[in-house]
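Just so it is clear, A, B, C and D label the chains in written order, and each chain counts residues from 1 on its own.
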Amino acid sequence: MTFRSALIVGAGHGLSAALARAFAKEGMAVALAARAPDKLARLAQDTGARTFECDATQRYDVDAVFAKLDEAGATPDVVVYNASYRTRGPLIDLDPVEVEKAIAVSAFGAFLVAQAAVRRMLPNRRGAVFFTGASAGVKGYAQSAPFAMGKFALRGLAQSMARELSPQGIHVAHVVVDGGIRSARRQEAPDKPDSLLDPDAIAQSYLHLLHQPRNAWSWELELRPWVENF
Amino acid sequence: MTFRSALIVGAGHGLSAALARAFAKEGMAVALAARAPDKLARLAQDTGARTFECDATQRYDVDAVFAKLDEAGATPDVVVYNASYRTRGPLIDLDPVEVEKAIAVSAFGAFLVAQAAVRRMLPNRRGAVFFTGASAGVKGYAQSAPFAMGKFALRGLAQSMARELSPQGIHVAHVVVDGGIRSARRQEAPDKPDSLLDPDAIAQSYLHLLHQPRNAWSWELELRPWVENF
Amino acid sequence: MTFRSALIVGAGHGLSAALARAFAKEGMAVALAARAPDKLARLAQDTGARTFECDATQRYDVDAVFAKLDEAGATPDVVVYNASYRTRGPLIDLDPVEVEKAIAVSAFGAFLVAQAAVRRMLPNRRGAVFFTGASAGVKGYAQSAPFAMGKFALRGLAQSMARELSPQGIHVAHVVVDGGIRSARRQEAPDKPDSLLDPDAIAQSYLHLLHQPRNAWSWELELRPWVENF
Amino acid sequence: MTFRSALIVGAGHGLSAALARAFAKEGMAVALAARAPDKLARLAQDTGARTFECDATQRYDVDAVFAKLDEAGATPDVVVYNASYRTRGPLIDLDPVEVEKAIAVSAFGAFLVAQAAVRRMLPNRRGAVFFTGASAGVKGYAQSAPFAMGKFALRGLAQSMARELSPQGIHVAHVVVDGGIRSARRQEAPDKPDSLLDPDAIAQSYLHLLHQPRNAWSWELELRPWVENF
């Protein structure tokens, strides 16, 4: 099964950029939706990706991105939801507005994007919707209740969707990224090689999921550096 | 360790009523907060409970309830969050407004109530905050994404709080109710005795959690009828 | 539902003794089976318990204990499996004979005891079989493969039995004891009160499980000190 | 990172054959160890694989296979444990000898093979040990206690090893095969395409794990057909 068109939501410079490059290399048209898409100009140039300004927590923003892709004949058959927001601290010090935002960006936006995506995939009974999770989605850490709420909710969405939509031909997967991701600003210490996840390595696992035939699908995959405690 | 004053949020006629009776029987002052507290008149009479109108998803409603309890010298040392909201159906048919509500009532409201409760408990380094979960919080069922999101998020909140607050003397627990609850409207078939959970039986397990000494606390407890598939 | 007769297998001075006392206090006849039952003389005196020499990994030993209890009219309707054996160390240094023993004592013996118990309970469609697990049964720790194998296997047995036997009236539960247990030899530091589980506190949770009506059974319960990391 | 030499233990005609072909295609030397290796003649011819007679539950059998591979300069840097044994039925009808065998083949043999493998890998601080698990290793099904015990124990071994050995450069993974595997004897119904796992598809996921760079390792991967209930 080959895929033609990918949409990555929550696009930044790390994992989303690596995914964009990996998908483009596979010959797929790529679209990137982010709150500040001007940061993506270089990436768009490299990958030929369309970029869209989109607040994934806003239904009409999400719908508009999909409508434009429809018009362009680039309705995505692969969608990756990569946005998240966190706020940390002792429970009693958390700002409820920030908590709402953490849940909205990490989980509710994922629902909005998934719903728009699946509406387009179901008639063809094929497509892939992948969610970028975190270890916070399987383990609620102290002083991190908002992120736990958002990422647990995201995992609940993904698992419910996998049960509903897999038998309808849509591959739903939840990737648990457990560890820090290497970036321009965040490099591992020389004496701790490979202690941060390489975005390109993560992207290779997304590609593998995409290539799995439907008789052997994974709905969840954990990825962590060899030296990460878990 | 004895507790003096319990607040039950999301009070209806089933589990909340059973909890109110069980707590009152233990000699505790009981308060009930619900969106439509007039339905609780009879229960309030039976248990001597104070009742409050409260939309748990609204920060100021929640704060007001706690403020009134403070004034009355009935600041709760036991708080049970029992509210939830669900909407069901194929992912593509779900109303985003209802999805937001499911998350808000099932999880965000729990955060608001927990935060207000813990602020009052921490200075004494004692108290109990219990959340009523569901099997939907550990397993995302098909066509039930909103409830999965809400109840997974609730479990993430509870687990994060347990890790943060247990060492500060606050017992945080998440009770997974797996099965239907017996009520006036919902009775089990005569040939399937005990196939629905008795609210009083559930309440006994909450009481047991409350009585656990801090050297042997449970943070999670599943309850299901003997004949329930799981 | 009242229970008449309890058998505790793997009886030592800690949790088994606390269970024996708690069951005896409830008016139950108590039997203790252990490899070295002479150590149990004092406990037997205190609780009126019968004691049996039994290597739980040996089928004929197990059968003999049950046969003697049958003859004495004390066929147990409550059975607790409390035996375990561990060996630790880097994987490459482990002695295979010790690994086999860890699995045999922690899990295979549990099967033998459970089978003998359930054969006697099924005709009455009532009874309780409880297994003492450990955090090692839900999380495989480094340098502790043998205990992980034994305790994971025990949990698999318990979960399979719960699914099979709950609908036949037999309450199967697995108690995850996460933390050290207080004993004559092992006392908590004065500045870390309640950092070890009190055997009597654990026993109270076993009793609670025993008292749960069948419409609200728990199949698993975790217990840990307030200050335990998890 | 490239691997040179793979050993597959518990080799039959399904997954093991697919793995042998996939590894051989990657240019690796392949060895197959099974109780009845004469059945493997054709596969050995196709893949150039060495074959060994080996009862994986017998320490000296296991050691002999590794010793022969050492002598041949084909010490494996990839080992897959693929053996399992099951017996089913109501708990009270199970034959204890069969239960012991299920645990021994499914889990204790895995320990023996893993220990021999890791002893050879640790000096180089590289290698891969993969275990073929089953849904029975994460969920204990009714009337299937022996398989649950064996596969839970296998998962405990794998998780403990992953925690211990990943930071030493050895990739340990547990693949949860959830569903029936397609074979000459077992074909899916024409109206249920892809309802059985294709061994070659499973093998592709093992290869993917093998190719993961150490900064983004998976320790567990579930695979199931799109239409499988879970």
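Please note the rule applied: a contact is a pair of C-beta atoms (placed from the backbone, for glycine too) under 8 Å apart; a residue touches a chain by one contact, two chains touch by 3 or more.
Fair warning: this is a prediction, and the values are worked out from it, not measured in the lab.
Note on connectivity: the fewest chain-to-chain touch steps from chain B to chain D number 2. Here the repeat of A-D among C-D, A-B or B-C is B-C, since over half of its contact pairs match by residue number. Of all chains, the one whose CA centroid is most distant from that of chain A is C. Work out the mean CA point of chain C and of chain D, and you get 32 Å between them.
With centres set at the average Cα position, the gap from chain A to chain C is 45 Å.
Counting partners per residue, chain D has 163 as the residues that reach two or more other chains. Shown are all chain pairs that touch, namely A-B, A-D, B-C, C-D.
Residue ranges of chain B in contact with chain A, taken from their complex: 59, 90-92, 94, 96, 99-100, 103, 107-108, 111-112, 114-115, 118-119, 122, 136-137, 139-146, 148-165.
The touching residues of chain B, counted against chain C in their complex, run 163, 166-167, 169, 171, 182, 194-198, 201-202, 204-205, 208, 211-228, 230.
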